[in-house]
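Here subunit A shows up in two complexes: once beside subunit B, once beside subunit C.
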Partner chain A sequence: MKREIPILLTVLCGLAITWAFFSPYGPSQAVNDELLAWGTVLFSVAFLLGIGNLVRISLKQISSGHPDRYYKALLLLMLFGYLGVGISEIHGWFGITEGDNLRRDWIYNRIFQPLQATMFSLLAFYIASAAFRAFRARSMEATLLLVAGAIVMLGQVPLGDQITGGLASRWLAFLMSYINAAGQKAIIVGAALGTLATGLRIVLGLERSYLSE
Partner chain B sequence: MASATGLDRRWIFLVMGVLVVSLYVLGEAAEMPVNEYVQSYYDTIEALPEGTIVMLSADFDPASMAELLPMYQGTIHQLLRNNIRVLNVSTWPAAPPYTRAEFDRIAPQYEKVYGVDWVELGFKPGDDVAMGQIGQSVRSAYAKDDRNLKPLNELPLLNDVSAGFGGISLLITMSAGYPGILEWIAQAGGRYEVPILTGTTAVQTPDLYAYYPSQLEGFLGAATGATQYLQLVGEQTEDVHESRDRNQARMLIQSWVHIFIVLLIVVGNVLYFVGKRSAA
Partner chain C sequence: MEAFVSFLDSAGEGMAPWIDTGKFPTLVAILAYAAVMFVSQAAAKRGVHIPIRRIAGLDALDEAIGRSTEMGRPVLYVPGIDEIKEIQTIYSMMILRHVARKTAEYGTDLIVPVKDSVVMAFAEEAVKQGCQDAGRPDAFIADNVRYLSNEQFAFCAGVAGIMNRERPAANIMLGMFFAESLILAETGYESGAIQVAGTAKQHQLPFFVAACDYTIIGEEYFAVTAYLTREPGLLGTIRAADVIKGIAIALLLVGVALATYFADVEGETWFTTFQRLYG
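Entry: the complex of A and B
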């Protein structure tokens, strides 16, 4: 039963969603509506599971004196601090109320936003370093990749286009609209067929890897 | 720190840093030519009749703010200026603080009323399942709005929205990755045949050419697309001028950084082949 019930549920849900896709009226849509609502509820529950797992692992590392223990402690402090402030503001606990200057917005704008933006902007420096150290014309494929990359980088910006007398943007348009689009379409169609085949196998109960089998 | 070519990578970081900072201080705005994808994005919105409802999905976070927020601002301006009603949703948890701040700033300029001219439904967890649910029925996806936590039937705008994207003429997503434009195309475009526009990060932009113009009416690709779009919106919207000029100036920084990276690739390869020949 441990195997049969999950497989049965999967098959039924899969068939119901497929049925709803091709029959946009009546009870099929009500069933679809319900299943999608369950899906988003399950997704939210997965957040809680994720938090639980994160706390468990972090506490274990803190108690065992792991070199990252201070980072883990900070992570837990921010996690529960932000959660606490947010929930307190929504419910008006401890004199913390919703207002124009929300404390959770302050934390978001002054800490989270600059940190995340900074981390992402560091990419530019690493790309520059990698361009010098790793992008090598070792083979024909690598050379094509390098040339295409250089054309895209130059064609994408006004100065690059001016330097090449307008050639870079024309080549960029050709690369993107023909070579890239053709390749992308082939990949999309291939992936869609693969998804369809996997979906069919799951709905028919043939694919059971999601049960760790 | 020293690489195979003998150059410490910190020198590269230093040159890059000096380049970015000096151009940030000294750079000046310059007009860019507008490509067909951006023009199509702009024209699609311009062609909408007054009173139309557009779903605007903010699917980004601070990491992609530099590219996507100017597009988002410009889009709100263009929509509200043309008296188009906006239903604002998000499938990324970090987006709503931005979207609220932008609507708070821009909506009063056009004397728009919350609940009538725009509604914020906020973050919906569930990635593409959430998108499917929003498409299936906005009312079953959201019990209340995100701003005032009011039931949806108390918001006049929602009276004109029905199941299966009924009443919604266009979907616009500012997409930074997964879930984003590719999932919206599958969940909304393909199923409900709702026209879609998008603004994306540079990383995601190459994926979009395969969908234009059949599944995508137009798109804004990265900072370049944002700058070109702000130029178009800025012709009729003064509030966008500062953002447009800032983006144009940033394009100069991006230009030089791109050229610097191309130079690094060339120099790196020259040194590589010279080293290889010497070793032989």
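Entry: the complex of A and C
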């Protein structure tokens, strides 16, 4: 029964949610809404698992004198510090006006957002280094990639049209509208069929490798 | 037929209909796909040979793990950044089990950073099962499945940090990725690891193709377990997808021909009609 019950639950829930997609009938939607609410609760509780994993590994590295122990200590300080700030603002502790989000917003906007933007901005440099490595005519496919990349880069800037007498943007439009779009759609169709097949196998209980046996 | 449709449209006075008849074609398509899948699976289990072409990225998985073993460095497996409800993430967990079995057989460490807590639970279970499949339950190290952060770029920074500090010899990135894909791939390249990446997210594929040694593209991603295990049920699923694709292509061609034939305006040649419609 250790295997059969999870499979049965998966099949019943999967079929119920799939049926709710096709049926606007009231009870179908009610079952769907209830299952989604249960899922939301489970996901929220699962956060505790993640935090537990993070704290356990960090404490172990701090106590064992790992070279990164100071970063782990900072991580735990930020994790519980931000949590404490948020809870105190929600409940109005330590003289803070209840519902006041100033401190939370300050930390989020002045620390987290710039760090996030910094990581995102690395893409600009990594695109250049990846393009420098990839756009080399060492084979037929690489040459095609190089030519397509050159056309796209020239077509995207006004200088490209000036150099090519207006042809760059037309080549870009042709490349993106027909060749690129066709390739993307082919990948989308293939991926969609693969998704459908895997989903059907899981919902019908045929795929069980995600369960422990 | 009309009586049947009107029955479906009226579950009762003042109540929503049983079935949204507008979604009937979708339901029929799914049922047809399921039927083809069952027939293909049955044929595969009876012993009908279903060939799969060689996929370089999948052959490279063993090579990557072997390289890590020889160099005495860990394997890094990134299962994407989406939640467990995304099919690609579920599929990544199935592949993770195979990779865990291989690394347990070879005695190599496997590090699995995850972005989602539920995915972490699945990943732990997949790695544990992989180690048990290899007959090495002692090879499972719970601290190697690491929840980093639920934020996209915080997770990306964490994985980049693992790549730079722990210097895995092989990076396997299979799952759903977004803007962080190139950062991960380039950081992995700079750390000197062999990289095998795969996703069905078409916008991230170019980054993986440019920065990784091997890329598993789109539908190849869903053929990984069938390719590695050659299990008849899975091979049948691949065959079913190919059959449906063939039917879809045939319908597309017939549709284009009919649309072109019936779209001509008096005085137009077929060539000018084609130009007007598709030029």
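Keep in mind that, in the parts below, the second predicted complex is superposed on the first by the 189 of 213 C-alpha atoms of A that agree within 3 Å, B and C clash if a C-alpha of one lies under 4 Å from a C-alpha of the other, contacts with A are read in each partner's own complex, and residues count from 1 in each chain.
Just so it is clear, a residue touches a chain if its C-beta (ideal position, glycine included) is under 8 Å from a C-beta of that chain, and two chains touch if they have at least 3 such contacts.
The shown structure was predicted, so the numbers you read here are calculated from the model rather than taken from an experiment.
Of the two partner chains, neither subunit B nor subunit C is touched by A:H91.
In the superposed model, A:R3 makes contact with neither subunit B nor subunit C.
In the overlay built on the shared chain, the residue A:L54 is in contact with subunit C alone; subunit B does not reach it. Using the contact criterion defined above for the overlaid structures, shared-chain residue A:A131 touches subunit B and also reaches subunit C. Residue contacts after overlaying the shared chain place A:R110 against neither subunit B nor subunit C. Within the superposed three-chain model, A:P24 lies in touch with subunit B and with subunit C [touch as defined at top]. Looking at the shared chain after the overlay, A:F120 reaches both subunit B and subunit C.
When the shared chain is aligned, subunit B and subunit C each come close enough to touch A:F43.
Shared interface residues of subunit A (contacting subunit B in one complex, subunit C in the other): 21, 24, 29, 39, 43, 47, 112, 116, 119-120, 127, 129, 131, 133, 184, 188. For subunit A in complex with subunit B, the residues that touch the partner chain are 21, 24, 29, 32-33, 36-37, 39-40, 43-44, 47, 105, 108-109, 112-114, 116-117, 119-121, 124-125, 127-129, 131-133, 135-137, 146, 149-150, 153-154, 156-160, 163, 173, 176-177, 180-181, 184-185, 188.
Those residues of subunit C that touch subunit A in the complex are listed here as 11, 15-20, 23, 26-27, 30, 33-34, 37, 41, 83, 85, 87-88, 90-91, 93-94, 97, 116-118, 120-122, 125-126, 128-129, 143, 145-148, 150-154, 156-157, 165, 179-180, 182-183, 185-186, 189, 200-202, 205, 207, 209-211, 217-219, 221-223, 225, 233, 237, 240-241, 244-245, 248.
Those residues of subunit B lying in contact with subunit A across their complex are 3-5, 7, 9, 12-13, 16-17, 20, 30, 32, 35, 61-66, 94, 97, 124-127, 129-130, 132-133, 136-137, 140-141, 163-164, 191, 202, 206-207, 209-210, 222, 224, 251-252, 254-262, 264-265, 267-269, 272.
Across the complex, subunit C is touched by residues 21-26, 29, 39, 42-43, 46-51, 53-54, 56-57, 60, 68, 112, 115-116, 119-120, 122-123, 126-127, 129-131, 133-134, 184, 186-191, 193-202, 204, 206-207, 209-210, 212-213 of subunit A.
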